[in-house]
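Pasting the structures in now, so scroll down.
Look at the two complexes coming up: subunit A is in both, with subunit B in one and subunit C in the other.
Now for the complex of A and B:
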């Protein structure tokens, strides 16, 4: 389905500093994207330690949080994204 | 606990007295209670007053309600939250989590929540924070182990930041909060309760724990109404009240006269007992009217009659209460005893007394409560009221409806009272007559008479009793006896007049007799004088005759003097 859609998947990963959980999430996300969503995604990593107002703006409570902003509907995943299959299911993107 | 606890005032009426200053500064306080018991209101009042009265900005962290709703909710209580938000004194941080759009995959923490709170706190320089209610997080996240660790960290963080925090929690089964929040908050725990007994609800507040400070431990009733949240600590009252020397009129001159020196002492508690229709309320109104006439304020708490009805009824005995109501010297509050529970009534009354600051308070009637609650509770409540009024030097007038003519109240209040007026309504010879008796007046010598109590359009009068041979009489018996007495009097007066007449006549007769005798004596004396004169003349003539004879005989019978003639 994602293949049909012309718009790329826009993902925002919110982290707070370089904590083990944050680093694990970044690592896991990179792996998922390169293995399953090659060329069809845009990833932005936001460090809330530097920009706490964004947490308020986007309603972020837990760290790390991955937000799929596009395509709608918005989905949120919290945690270090250690289960690739679950992440893909929740992002509603398949290979 | 090293050098005592500093406290932050909440500005909630009564609560700061209860806790001797407010909530512990820089520490979290848990406010728990079941749904709808006023937790959020307590928290928002704490925050609002902090920003407005004590210049301590605050952050309201809401996990449930939207900021617009919170602003609208407290707006009805006169809290201009929006204004404070505009002036950056309050910030509402809405933490909304919709579990349906969030998936949990792997390990996480709530660092973003901390960052948001920190950001909000730093933004306005907050000293106070409210978390309402953090337990919502448990429904938003599925891993309780992480949550518990994070909440513990959150409370540590709050303490570290030195924020005076109020955390609300929903009451759970067998524990103070559903999620056991009390294990994290160990400094101060306040329990709000909302109970319904006999279909009457009562809100109560209890300080379960307040580490490092003395505090009241009872359950205290509290109110939520158009004026917000108020707690009424009303139990710790002693007998060290001030005593007044001046007397105040009862509004009935005849009654004042029965109390030597005119009226009761200021600050007395006066009980008016009587059967139905014996004039208790009217007498109480007269006292209130008298207070207003002295330029004082009177508070009339009625549990049976409405304001308009009392005003109308009092007009019929020549007392215009409407005037005082208009001038604001009299405040009339009517509420059925069943409107609230006893504590709520007490709380309401004390608050009204506090605000209106009257010199005289009327409770009409206290017997209305005995129907709606346990006697012991009623007694406690009245005791508190009496103590409270006494300690504030407020004269209290209580009316009590007695079912029988007895010198005893159901509420067992008699010994608390300084003055006790018994109003009787006695049947004699086919008619009922109102009577008044001063059963007790502490420190005042008073009449022991039972007076007839008459209400007319010129007010209340106490008639002098008819004290005949058959005892004191009232009503038509008195009138009859008086008439009889008047008749007897007239008869006696007539008798006196008659006797007087007799005496006068006799005196007149006696005088006439005296005069006659005098005249007789005078006549006799006159006769006597005439005889004496005649005798003298005779003697004279006889002497002259003898002399002439002697001269004729040439005999000088007379002396030389005669010769010389």
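Now for the complex of A and C:
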């Protein structure tokens, strides 16, 4: 792998309050992190319902969206994260 | 062109990334993986959810009084209203994630998951039990499909049925208590705190006054306590039990219309229905009548036995003294004395075999004549002697018959082969005494004795004298004849 394995994966999940897909994305991400990234990740959940201006930083259009900030390159995964394999490929941690 | 200038400002990789992002956004929208978008309006961003009309379910649920929650198609909680949080003892918003499932044990979780799955298709109801704080509560859950606009799920309402169940359980428990009361063999009376009878079973009804419910305990049942007579009443026992002090095993006599109940053993215990407060008392009465009757009979028999032993000893002393004064030698004394004591013993044996009751004249006579009856068969006749006598009369008759028999064997009809003896009932005389006659015939010629021995004294005195009873001895030349009168009270002539 290209990235330093010691560097934690930094993720930002953009949600819109408690919409069903937002809740599903939070749940799916928790599951993926605990099963595949144990101890190697840092997640920030941003509620754009409360702070819509934060969408600007990563140019978020659709919610939910997961942004992998670190390690670079930045990657966006759009949707409720129900396809675990696809998420792992994008996070470059597939086993 | 803008596109050219934009494109030229970005690297190829960046362009590819943007293209990919755009395609992914479209795919996610198409596949229903997103439910909100960010719209840029001037300098600010705004978020619009795509839940459409479905969003209003939250507003609707929040307005409901009963607990309600929405779950997505995977059974994950989307929303729980304030009423449900209150019902389950959680703060507002305290049921997110797995909190609701976490409150259920394995069995109720299974029930709940089954309901979630079934309610996706059609309306379903189930009952679950949840421990809220320290209390086990029962809920009736009704689930129905709900459309969220961008998907479907299940809406479930929670109705607290704990009270309804408790009422049903209480009713069942009351029913059980009543049947326990009714089935008890012992008499059971339940009183309230003021000592009024509230419940009573069939066994108790038999020994209580009429319509005992609502009466004071001491009015419902008339009890007297042998050990404390005036000092204690039924009301005192109830008061003690209501005050928290159990009373156990007191014996009392009961006045009742039921003839087979005269004595009871009473126990009373405080009645605690819930908590520590005494609601009244439960009094149980065990029928002791048979046991008490047996005890009284036993005491009577002991007294009677004591009396008889004393009488017998006095009689033995008298016989000994009188025999000694009439006999000249030790040998003569020994013979007469032991004969008389044996006669006494024989009558006693008869009496004890017949339990000191219902001994007949012929039994007493037979036992005296037994040694001679076989030798003299046909010579001795008895007639109409199947008359019952009391024990005192039996003892006296035994001694009289003994003296007469001894005399007959020594000097009279039983001393020769030709002699005959007849003992028969003559009948009742005017004053109710029963007359029987001892008559000897065909024996040796009889001459009256010059002196009167103790035998004669005994014969003449044994059954008293005068009109009520006694004996009249005649020494006729043809044989001894003795008229015996048994007083009215000594025989049971039918």
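Please note the rule applied: the second predicted complex is superposed on the first by the 89 of 95 C-alpha atoms of A that agree within 3 Å, B and C clash if a C-alpha of one lies under 4 Å from a C-alpha of the other, contacts with A are read in each partner's own complex, and residues count from 1 in each chain.
The criterion applied here is as follows: a contact is a pair of C-beta atoms (placed from the backbone, for glycine too) under 8 Å apart; a residue touches a chain by one contact, two chains touch by 3 or more.
Worth saying up front: this structure is predicted, and the values here are computed from it rather than measured.
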A:87 touches, of subunit B and subunit C: first, second, both or neither? first
Which superposed partner A:52 touches (first subunit B, second subunit C, both, neither): both
Touched partner set for A:63, first subunit B, second subunit C, both or neither: both
Partner chain in contact with A:23 - subunit B first, subunit C second, else both or neither: second
Subunit B versus subunit C as contact partner of A:78, first or second or both or neither: both
Common interface positions of subunit A, toward subunit B and toward subunit C: 16, 19, 21, 24, 48-49, 52-53, 55-56, 60-65, 73, 76-80, 82
Contact footprint of subunit C on subunit A as seen in their complex: 15-24, 27, 48-49, 52-53, 55-56, 60-65, 73, 76-80, 82
Subunit B to subunit A touching residues, read off their complex: 93, 95-97, 101-113, 115-116, 118-120, 140-141
Touch list for subunit C against partner subunit A, complex: 17, 21, 24-25, 27-29, 31, 33-38, 44-47, 49, 51, 72, 74, 76, 78-79, 96-97, 148, 150-151, 153
Residues of subunit A that touch subunit B when the two form their complex: 14, 16, 19, 21, 24-25, 28, 48-49, 52-53, 55-56, 59-65, 73-83, 86-87, 90
